[in-house]
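Right after this note come the structures.
Each of the two complexes below includes chain A, the first together with chain B, the second together with chain C.
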Partner chain A sequence: MRRYFARKLFVYALTFVVAVTVNWMIPRFMPGDPVAGMVARARVSQPEAAEAMRTYYTNLFGFDEPLWQQYLHFWGALLQGDFGISIWVFPTPVGDVLLDALPYTLGLMIPSVLLSWFAGNWIGALSARRKVLDNTVLPVGYLLTAMPYMWIAVILAWALGGQAGWFPLSGGYSLDIQPGWNADFALDALHHWVLPFLSLFLVALGGWAIGMRNMIIYELESDYSSYLSALGAPQRLIRRYAFRNAVLPQVTGLALQLGVLVAGALVTEIVFAYPGLGSLILAAIQNQDFFLLQGAFLFIVIGVLIANFLIDVVYVVVDPRTRTGMAGGTS
Partner chain B sequence: MGTRTRVRITAALAVFGLAATACTGGGSSASGPTGAGGKGGSLPRNETLYTTGTQWGPPANYNPLRNWDHATGTKGLVYETLFHFDPDEGRLTPWLAESGSWTGDKTYDVKLRTGITWADGKPLTAKDVAYSYGLGKIEASSFHSLWSWLADAEAVDETTVRFTFQEARYQEWDYTLFGQPVVPEHIWSARTEEEILNGVNDKPVGTGAYQLKSKTQDRVVWERRDDWWGTKALSMTPAPRYVVDVSNPSNEVVIGQLGQGQLDLSNNFLPGAASLIKSKKVVSYYDEAPYMLSANTAWLVPNTTKKPMDDAAFRRALAASVDTGKIVKGVYGDLVRPASPTGLLPQWEQFDDKALIAEKGFEHDVTAAKKELADAGYKDEDGDGFVENKDGEPLSLKLAVPSGWTDWMEAAKVIAAGAKDVGIRITTEFPDQNALNEQRGKGDFDLVVNNERQLSNTPWTYYEYMFQMPVQKQQNTVNFGRYENEDAWKLVQKLGGVKTDDTAGMKSVISEIQDIQLTEMPIIPLWYNGLWAQSTTGNWTNWPSDADGAPRSAPALWRNWLEMGGFETLTQIKPAK
Partner chain C sequence: MSTPSDPAPETAAPAAAPSSPAARPGSEWLHYAVRNPKLLIGFSLVVILLAIGLVGPMLLDNGNPNEYVGPQASPPDGTYWMGTTTFGQDVYAQFVHGLRATFLVGVVGGAIAAVIAMLVGFLAGYRGGLVDEVLNMLTNVVLVIPALAVLLIINAYLGVRSVAVQGLFIGLTSWPWAARAIRAQTFSLRTREFVDLARLSGSGTWRIVFREIAPNMSSYLFMMFILLFGGSILIASSLDFIGLGPTEGVSLGLMLQSAQQWSALQLGMWWWFIPPGAGITAIVGALYVANVGLDEVFNPKLRES
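Take a look at the complex of A and B:
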């Protein structure tokens, strides 16, 4: 067991280093010069003044150092939890900007991914056995997953927001609400949360349901099921085994989904103008905010790694073969 | 501040659907003040003005010296300037200053009003003003260039500031007088250079009518100060108790919010604004074309270091090929006006030399453009419908505008089509805005569209934009076309030295400049971008317009426009009920 986790941890550490390095490289080799952009925005027309300003900011952001030094400094600061200063929201530290947005993204994505996973698997498993359910859920599920994501979001916004007027179309909370510790704000934020949540939930739901249904049917028709059946085992037992086997790929799928949480929120957040990390990433790219972009990507990287690690742990519990593998046996 | 953390936790709980937990848990764990007043956290609708369109990102900082990225309102609502400028009347209005005058060839005295206090109760004195202007001596400060012609700023007594100049640049000085914010010395002098230039200054203390109440990622809330000096001295009171400036991610969101009456004033460019105005959903300055006041000129900038844009005849032909009328109608739906041949804004109309324009001006004229090209030696030798360079080399130019700026992208297509009609091959390209800015700065382009300079107190700012020399490796905000003309630049400097009340003197220099401009056509005026403003009347009425008895001030809270009438607009609007 210890060897298994030690090896996993080593792989994760290695992945982290490579990811961070790539992360550091990408914005630096992107076309465009953020300092020039900043000086240009400052509208300093006099050449000498502009030059003084350029030098100043180049120093401030450390762009005047040789690349390898910038790289080392980047790691040094990172290990102290310092992501640098945002250029876009100057002079707010990147960490603060990200933490402001993070609750919105996590609050949107975690419930939608988890709930759609549970609900989807449940519906899928049920519909594998019930003809009526199968005839209704399957087509709807296919429709939901096949539809371009933007459509669902826009249709929901149009129907429930625009026509019915039940939910607001954009933002994280109303214009006249001051965020704070009170019921007004909490309810208002919840109100704004429904549409983006629903759009994410519905799309994912269909996919999970179809996957689970097909998998269960496959398992029920596999040799071990027939064998168990021939032996006279009760249907409930067979279904339990089928379910346990069918759910494994779904767990892997969940890991992947959880990992790309933040990235998945991008489109939703842009459609609904939701103030999360997705909107930030877009803004960071548009404004050539190196540091913000790096910070956001780092969140994604860390998210993927943590999610995968958790799933590794879950696997040990749900899949006996993993335990056998650890003990040196063959599976 | 603490607000940040609180927002974070509440939001997380709320969106997890644990609203009930948040209510009960709120009392014990986060008992800090939730910002002054506001039961339940919401602002009273009838006392609040909701605006948008002044910035695209979160309110970043409240540092008035960072005039390009501070939260809009930092200068204008919190920090004030010595004067305001009234574009309608074309003159400076005393603000913190009671008066100002040239007491010698190179000395300017400002007399401050008495009884002005900072938000912390300390009085504003001449020393604060001298200190604030002195901050420009810091090399990396954005107004460092001021000190290449200003020699000294000193407080003579409590209310008198004396500015002494190395070189009296009258036009530029007036511009500075209503552009430069005054900060309190007793607070700022304790700060390091680093803090002064880059500090977030999130507890701004100013002399202005508003103070910072709260801020979140997408909005900033300003709260009126009831002890503001202007109420007595200027007999002005801003009507809204709260001004909420919202940064919206897209025009669609803005249109939705206007439709629901959530927004009172949008300073966004909304492509369908004309139909919104016609159907009375929103109001604007004019209720028919051009609907909006003019704010700046959009120019077609040729890179004059490249062939054949280095040839004035070619540039003139290009100018005549542009069908501005088609852009104004087709692309903007008459929301803007076509520019005059000099490009000077309507507010500066008196400086247009009419006789000169009649003689040397241009208009959209395919035949004339073709003739100009032919006369200058550009011929279509291979018969493909497009002219070649004089040396027979094929001629193909790229016109670049930022990707996503849909109106400009459409306009670029019209320009390319017009050029095709006279035989100039122009292709359009839409690079990312930042990439384009970089290419533009380096002179790595053929043609771009640009509208860098806004309306100001003087056409001088436009001429500096056209002719500034010497050309640098990186052209930051002016003379992107890298046009070099010693005579023109000398005239611009001469104009800078004409006193601002000497209209005749200004006119005579300007007409000399216009002579060069119209002959050389270093940059081609296209249309006047509007001072985009659409307002709803459900909560606030009496918006500025050209109707009888309506306020004439600028209905915009854009950066630097609060000093050009934007603030006055706040004092003119009235609650609807």
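Take a look at the complex of A and C:
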């Protein structure tokens, strides 16, 4: 087990280093003068502000230093939590801008990932033994997985928000309410949260249901199931064993899906103008705010790494082979 | 699903032989392929959409789908089958051109990802040892970094915007899960007798991989390509939607983006945002359904009687 975690942690550390390096390399190895480009793109009207920006960037990039020193400085600044300063909302530090948006993204992601996983596995397991249910779950599941995230979001917004008028079409809270820790704001935020949540939940649901259904059917046909039923074991028991075996790949799948779900949350946030990381990224791209973009990228990578690590811990709990160290070599 | 009462493939294949003159080994799965409704429906839908994408743009007298041709914001009617946008662009013209771009990005992205996945997966699985360790590490690193975030920053910096470049980037980032799967399959095949025999006769690594191992999992590789193809289409539509699509021409994702940008939703112009999304869903969904059908054709255990 120690070996298992050592390997996992090594991959995560390596991933982080690669991500930071990619982040560092891109502005340096792109053609053209990045500082001049960024100052020009920011369209700052006052010359003093433009000059301040120019000195700031030149110092930050440290173009007069040798490359390896620039690389080390980048790491040094990063480890002190310095992501640079946003161009879009100059002169707010990128870290602050991102931290403001983070609760919205997490509040959207965590419930939709977990609930769709539980609900999808449950529906999938049920449909594996009921023919009628299976005939509806399968086509609906395929339809849901094939839908682009933003399209299901647009359809939901149109049907439930526009036509039915039950939910607000955009934003994270009403404009006349000040964000804060009170019941009014919480209710309003919840009201705005329903549609984006529902769209993320639905798209992920289909995939989990189909995966679980296929795994259970596969397990029910395997040797140990036939052996158990030959011994006269009750169907309930066989199904319970099948479920326990089928759920393992689903846990791995959850880890694999996280990166994709981050992407899903980004486009869904853009549809609903939800004030999370996704909307920030869109603003960063539109305003050519590369520091904000780089910061958001690192935030996402860190988030995915933490989530993957948590799933590795869960895996140890559900898979006995990990505990005895057997799975260390294959992961 | 399959019960002992299923007709075994050995008994079923000869029964089909008289009707088809050439009873080569390939005709057995063809026999099941033409009788599998999922494969037929999925495959036909893909072919129909591909045909619309290929032929549709040629039948239009206007070469540029973004030109302002008709009345503004009119619902579908006889002249404009899918209505027009706020600017009077023909939604149908955009749709058929968009289908073309969507298929192109799927083929380019899917093919590049499949080639990388095969190279990495075969090499890691067949050679094992240190090569496997290094390649596995690389696969895991790329797997954990969210592909869309990488595509975002590369796209935003480079600013190169064409369907082909987009497909290239998607291909370069979406191969890891497929490489892992191929590695696992290769692992189980490399200790078989026929591989040992090839190795004893002095064949090189790539010769063994492509002559002995790959043909034995060709059905699996084909299905993997279909999934990568569908995945590329979905990723490309997300990129287009965020505003990082091709700068010229039109794609289904770009149509959704402009519908969103010009508040088609608030204006109730459903004909603007329904067709592009439905097009993507139909292609990807049909690919998935065809894939399930293929699985049943290749894997006798899954066949329903």
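Here is the rule we go by: the second predicted complex is superposed on the first by the 273 of 331 C-alpha atoms of A that agree within 3 Å, B and C clash if a C-alpha of one lies under 4 Å from a C-alpha of the other, contacts with A are read in each partner's own complex, and residues count from 1 in each chain.
Quick note on the criterion: contacts are C-beta pairs under 8 Å (C-beta built on N, C-alpha and C of every residue); 3 or more make two chains touch, one makes a residue touch a chain.
Note that the coordinates shown come from a computational prediction; the quantities given were computed from them, not determined experimentally.
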Original post:
A:S225 contacts which: chain B (first), chain C (second), both, neither?
Top reply: neither
Original post:
Of the two partner chains, chain B (first) and chain C (second), which one does A:V22 touch, if any: first, second, both, or neither?
Top reply: second
Original post:
In the superposed arrangement, does A:T268 touch chain B (first), chain C (second), both or neither?
Top reply: neither
**OP:** Return first, second, both or neither, reflecting whether A:I217 touches chain B, chain C, both chains, or no partner chain.
**Re:** second
Original post:
Which partner, chain B or chain C, touches the larger number of chain A residues?
Top reply: B
Original post:
Now for A:L169: first (chain B), second (chain C), both, or neither, which partner does it touch?
Top reply: both
Original post:
Who does A:Q286 touch here: chain B (first), chain C (second), both, or neither?
Top reply: both
**OP:** Applying the touch criterion given at the start, work out whether A:M147 contacts chain B, chain C, both or neither, answering first, second, both or neither.
**Re:** second
**OP:** Scan A:N182 for contacts with chain B and chain C and give back first, second, both or neither.
**Re:** first
Subject >> Overlapping contact positions on chain A, where the chain C interface meets the chain B interface >> reply: 169, 270, 286, 288
**OP:** Can you check the complex and tell me which residues of chain C touch chain A?
**Re:** 1-2, 137, 140-141, 143-150, 152-154, 156-158, 177, 230, 234-235, 237-238, 241-244, 253, 256, 259-260, 265-266, 268, 270, 273-274, 276-277, 280-282, 284-285, 287-289, 292, 301
Original post:
Which positions of chain A touch chain B when the two form their complex?
Top reply: 31-33, 36-37, 39-50, 52-57, 60, 88-92, 96-97, 99-104, 106-108, 110-111, 169-172, 174-187, 189-190, 193, 270, 273, 275, 279, 283, 286-288
Original post:
Touching chain A in the complex: which residues of chain B?
Top reply: 3-4, 6-17, 19, 22-23, 26-27, 30, 34-35, 38, 40-43, 45, 48, 50, 56-58, 60-61, 66-69, 139-145, 148, 197-200, 214, 216-219, 221, 244, 246, 248-250, 253, 256-257, 262-263, 432-435, 437-438, 441, 452, 464-465, 468, 470, 472, 474, 476-478
Original post:
What residues of chain A sit close enough to touch chain C in their complex?
Top reply: 11-12, 14-15, 18-19, 22-23, 26-27, 30, 142-143, 145-151, 154-155, 157-158, 162, 169, 217, 221, 256, 258-260, 262-263, 266-267, 270-271, 281-282, 284-286, 288, 290, 293-294, 296-297, 300-301, 304-305, 308
